[in-house]
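Per-chain numbering from 1; labels A, B and C assigned in written order.
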Amino acid sequence: MNAQNKPELRELSYAEAIREAMDIALEDDPSVLLMGEDIGVYGGAFQVTGDLVDKYGTDRVLDTPISELGGAGVAVGAALTGLKPIFEFQFSDFAALAMEQIVNQAAKVRFMLGGSVSVPLVMRFPAGSGTGAAAQHSQSIEAWLGHVPGLKVVQPSTPEDAKGLLLAAVADPDPVMIFEHKILYKMKGHVPEGYYTTPIGKAAVRRAGKDVTIVATSIMVHKAMETAEKLSADGIDAEVIDLRTVRPMDRDTVLDSVRKTGRLVCVYEGVKTLGVGAEISAMVAESDAFDFLDAPIVRLGGAECPIPYNPELEKAVVPQVPDISAAVRDVVQGRV
Amino acid sequence: MPVEVIMPKVDMDMASGKIMCWHVAVGDTVEKGDPLFDIETDKAAMEVEAPASGILQHAAPEGSEIPIGKAIAWLYAEGEEVGEQPDSFASVDDNKMPEQQPKAATEPAFGDTNLPPEPAPERETALAGDAGEGVRATPAARRLARDGGVTLAELRGTGPRGRVQASDVRQYLKDLDTVSARATFLPETGALNVTYSKRGEGTPIVMIHGFANDATSWAPLEPSLRHRPLIRIELPGHGKSPRLRIRDFAMLVREVRQTFDALQLDQAHLLGHSLGAALCIALADTREPRLASLNLIAPAGLGPQINGEALNGICKATRAESLGPWLRHLVADEDRITDGYVRLAMQARGDANLRAAQFAMADVLFPDGVQAFDLRAALQRIETPTRILWGKADAIIPWEHALQAPGRVALHLFDRIGHMPQLEAAEEVGKILRSHV
Amino acid sequence: MPESTQDTNLPYAIRAYSAERLRDALKKMYLVRKFEEGAEDSYMRGLIHGTMHLSIGQEASAIGSTMGLTDEDKITSTHRGHGHCVGKGADLGKMFAEFFGKETGYCKGRGGSMHIADPSKGNLGANGIVGGGLPIAVGAALSAKRLGTGAVTVCFFGDGANNEGAFHEALNMAAVWKLPVVFVCENNKYGMSTSTERSTAVKNIAERAAAYAMPGVTVDGNDFSAVTEAVDAAVARARAGDGPSLVENVTYRWRGHSKSDRNRYRTKDEINEWMGRDPIPAMAKLLMDHHIVTEDDVAAIEAEAEGIIKDAIEFATSGPDPKVEEVIRDVYTPEATA
């Protein structure tokens, strides 16, 4: 029996990984507390906090009233005065109600006060389409917050990063916004035991390739990987970059890849126009990597409409594997 | 409708040009492409070709200065009625640039041989084309073309709507790089390019430049020779001459001889450098009665040795970084070959077809780094007053070849000077030549 | 913190605070007044960039409401917050330096008049968003409760903010969680140009406390003693763990909303009437009536305040300007402190 020498890689779901990260944070640091609507006995709208309330009590797993603006503001105030709140929005869409506190307060307080304070605040946003929850419960709004200096914005795509980025966010002195894709909550993957962090601001090359760079975010990383595997059978060797952080964006990883492949396809679920892909594209176009481009940059993003209810329509308005596959082929084979 | 002949912009910062002379009299017919007039700008003098065939009318007087883009004459078709001058001549004062400097201050300092030869103005136009304006190409293709000295316009793009892609440029460069450069060499036909400076008087000097060079290489020497009319012949595959396929040295001599004959000169001094000097010897062998003197700078053809590696290196270089080290073989004082000089030289070599033509020519004339032609016997036969000028630090052709010359040939040997005395010892070479031509 | 309670016939402030504290309070009221007059003067001379919101006429509310606070206690302030800063012990030189946009200012020239803060003294900062500080104050109170610091947060806001959604959410949460926070509404009758009569359904804003099951009281905000009495009681209740309160200080701003105000919404008579109820002479009279100061003492206190302001302006004007190349320095916390 030498199974102990070669332990099976431990697998957790994305939601479990986040819960484990919060558990570790609560355990390690008494100033950490969870705030949000129905995160206590209910366990969170997506059962991410689960039974943490049993372990840490209602003071540290604090159910807020349905008050997104007030709740976010309380989290900001608490973060300014010695606590490290992890604030959960039920749906990222509801951030619109709290925009004042996120954008005018959390992001700006440090700057406005000449650097005399920090706001060690973590906010979690269950995001994305695919659940049939329609227009007000399915958006991907990371680009809104990515536009605000003072915030950091991350989008983990794997259980391992979901835990690592959350722990990195808790350790970070500044407000970190975490966009979690709802469809990924049940996805299983290897998650290391214990405490570790995934660096904020660092993209990951998920698959090395030489013909084309696919920069993807969140759930689109998986669709890009699936596409890349399919295309490799046809001799197209795609490099897949998981952007992981929207702000600050990992310029070096993206530019290095584009210098190597000469082709760029951006895939993200948020609305295509003025989205994350626009920034990635502009970053390349403004850099010396531009001179390595051998085909027009292509962006695949959400359609110019709210997320619809009908399941076929819902699928149609965000990039799917066949869309990515066709776009990558066109770029590599010189059809655009 | 008569065709307007305009004062062309031939220089980056040129605002106006002066008409030095008309090659065609008013009322005479000119063919499109024939020399029509000479202009002088504050930087250079040059010949301008007729933009169309026709009968020259209403020509602006010689010596007049006209702003660029303005009419200086009109060409009428056969039988077309010639009425009033369609438009009056624009005067320079109309759009004189306030910062225009007095002419004397900008007279080209040819005495200063540190200056690289000015690239021919026509080439600047060609360079604008090299930048790929109007050519559909990806940024990567443009970068590779820029680095490789390739003109995008000469590439066939395989991308959508004919877009030139990186792979197109890479393939093109790869083809160039192989010994079978002839595969990508697109031979042309036509007469060799001849340029004139007609200010001087008396017996003209006909000048033939060396291999992988062009007419601009005479620039450092020209101030010493301006008392005579100067006629520069550009070799096939060099400068603005057509990229002819040269099969052997005899064919090259034929091309040069035809060009010389077409000049219809009663008497001429011949001045040649390196391969050009070899051609002067060959020309003298058949046209001796019309030659007043033969002036040979580091002539080829007097021995088998030649630095084939350097010639090959210059032919193959597609960027300044690879050209520079070989250019430094040309001189004794390497400091003369500045980065700017190399860059300009590479710009002059930007046309890949030019490089391909020269590569093919080198393969014929200097196979395996050996001079495949021998003019020692010819030199023995020639009685025209002849002098040989050679740098004793020549790293391309050994100067000792000069010792093959018969006793009546004057030898001028320079210490610490390389293959290009006309560049490195321009003043001294100029003085010697001036006292004889 | 109140110090004694012997003679119940005396006004609260006289009973609760030592002569020294009361003289200091009078000095602070003068400092607020003279700071703002100095600021206004500098503005007129073109020395100050941007706008400012002056609280001249409201000094009793600001200084009275902060009398019972320690440096551990927090405040959140408003765009009309100079008085709150002085009440919380701010340095006038650094305040002026911030006004002049200097690197030596409280916010190193990044915040200006509307964001003066001094976290070391518990001043979490003024806020340019009406109602922006309300939930933040609740968060500070949550921290105090969670961390057991015993600190109380005083949340200043104006009559305008009481109609923001944040007011409802913040007061409700503070009450639900019984947090140590005191909501001090400085009702100066107008949210910019719109009077409370035209904007607010209840007569007194304090009545809204009933909706959150917390005490609510309306006092004359120009009466220093009345303000301290009401706020101190609310602070004591908060400190005792009995939860939040709402205190409404009815007062009046003599100047316009900001420097661009043309004063078209109120009458000269109304302004004059309120100027007749100047809280500073009233405070001086209170102290003289109770033999805490003489007339000469008052003059000396005023002169001292003037001297402090003069020195503060000198400190501010001589300070270095921020470096343009450092403009983004304080957007994020440097890695080293992470």
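To be clear about the criterion, contacts are C-beta pairs under 8 Å (C-beta built on N, C-alpha and C of every residue); 3 or more make two chains touch, one makes a residue touch a chain.
Note that the structure is predicted; figures quoted are calculated from it, not measured.
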Look at all chain centres (mean of CA atoms) and spot the one farthest from the centre of chain B. C
Count the C-beta contact pairs for A-B and for A-C, then tell me which is higher. A-C
Could you give the separation in Å between the centres of chain B and chain C, each centre being the mean of its C-alpha atoms? 85
So, in whole Å, the Cα centroid of chain A is separated from that of chain B by 63
Chain A to chain C: how many Å between their CA centres? 41
State the interface residues of chain C toward chain A in the complex, per the touch definition above. 74, 76, 105-111, 115, 117-120, 124-125, 127-129, 132, 134-144, 146-147, 149, 165-166, 168-170, 172-173, 176, 328-333, 337-338
Looking at the complex, which residues from chain A come into contact with chain B? 262, 290-295, 334-336
For the complex, which residues does chain B have touching chain A? 138-143, 158-160, 163, 165-167
Mind listing the chain A positions that touch chain C in their complex? 31, 33, 59-60, 64-65, 67, 69-83, 85, 100-101, 104-105, 109-118, 149-150, 152, 171-174
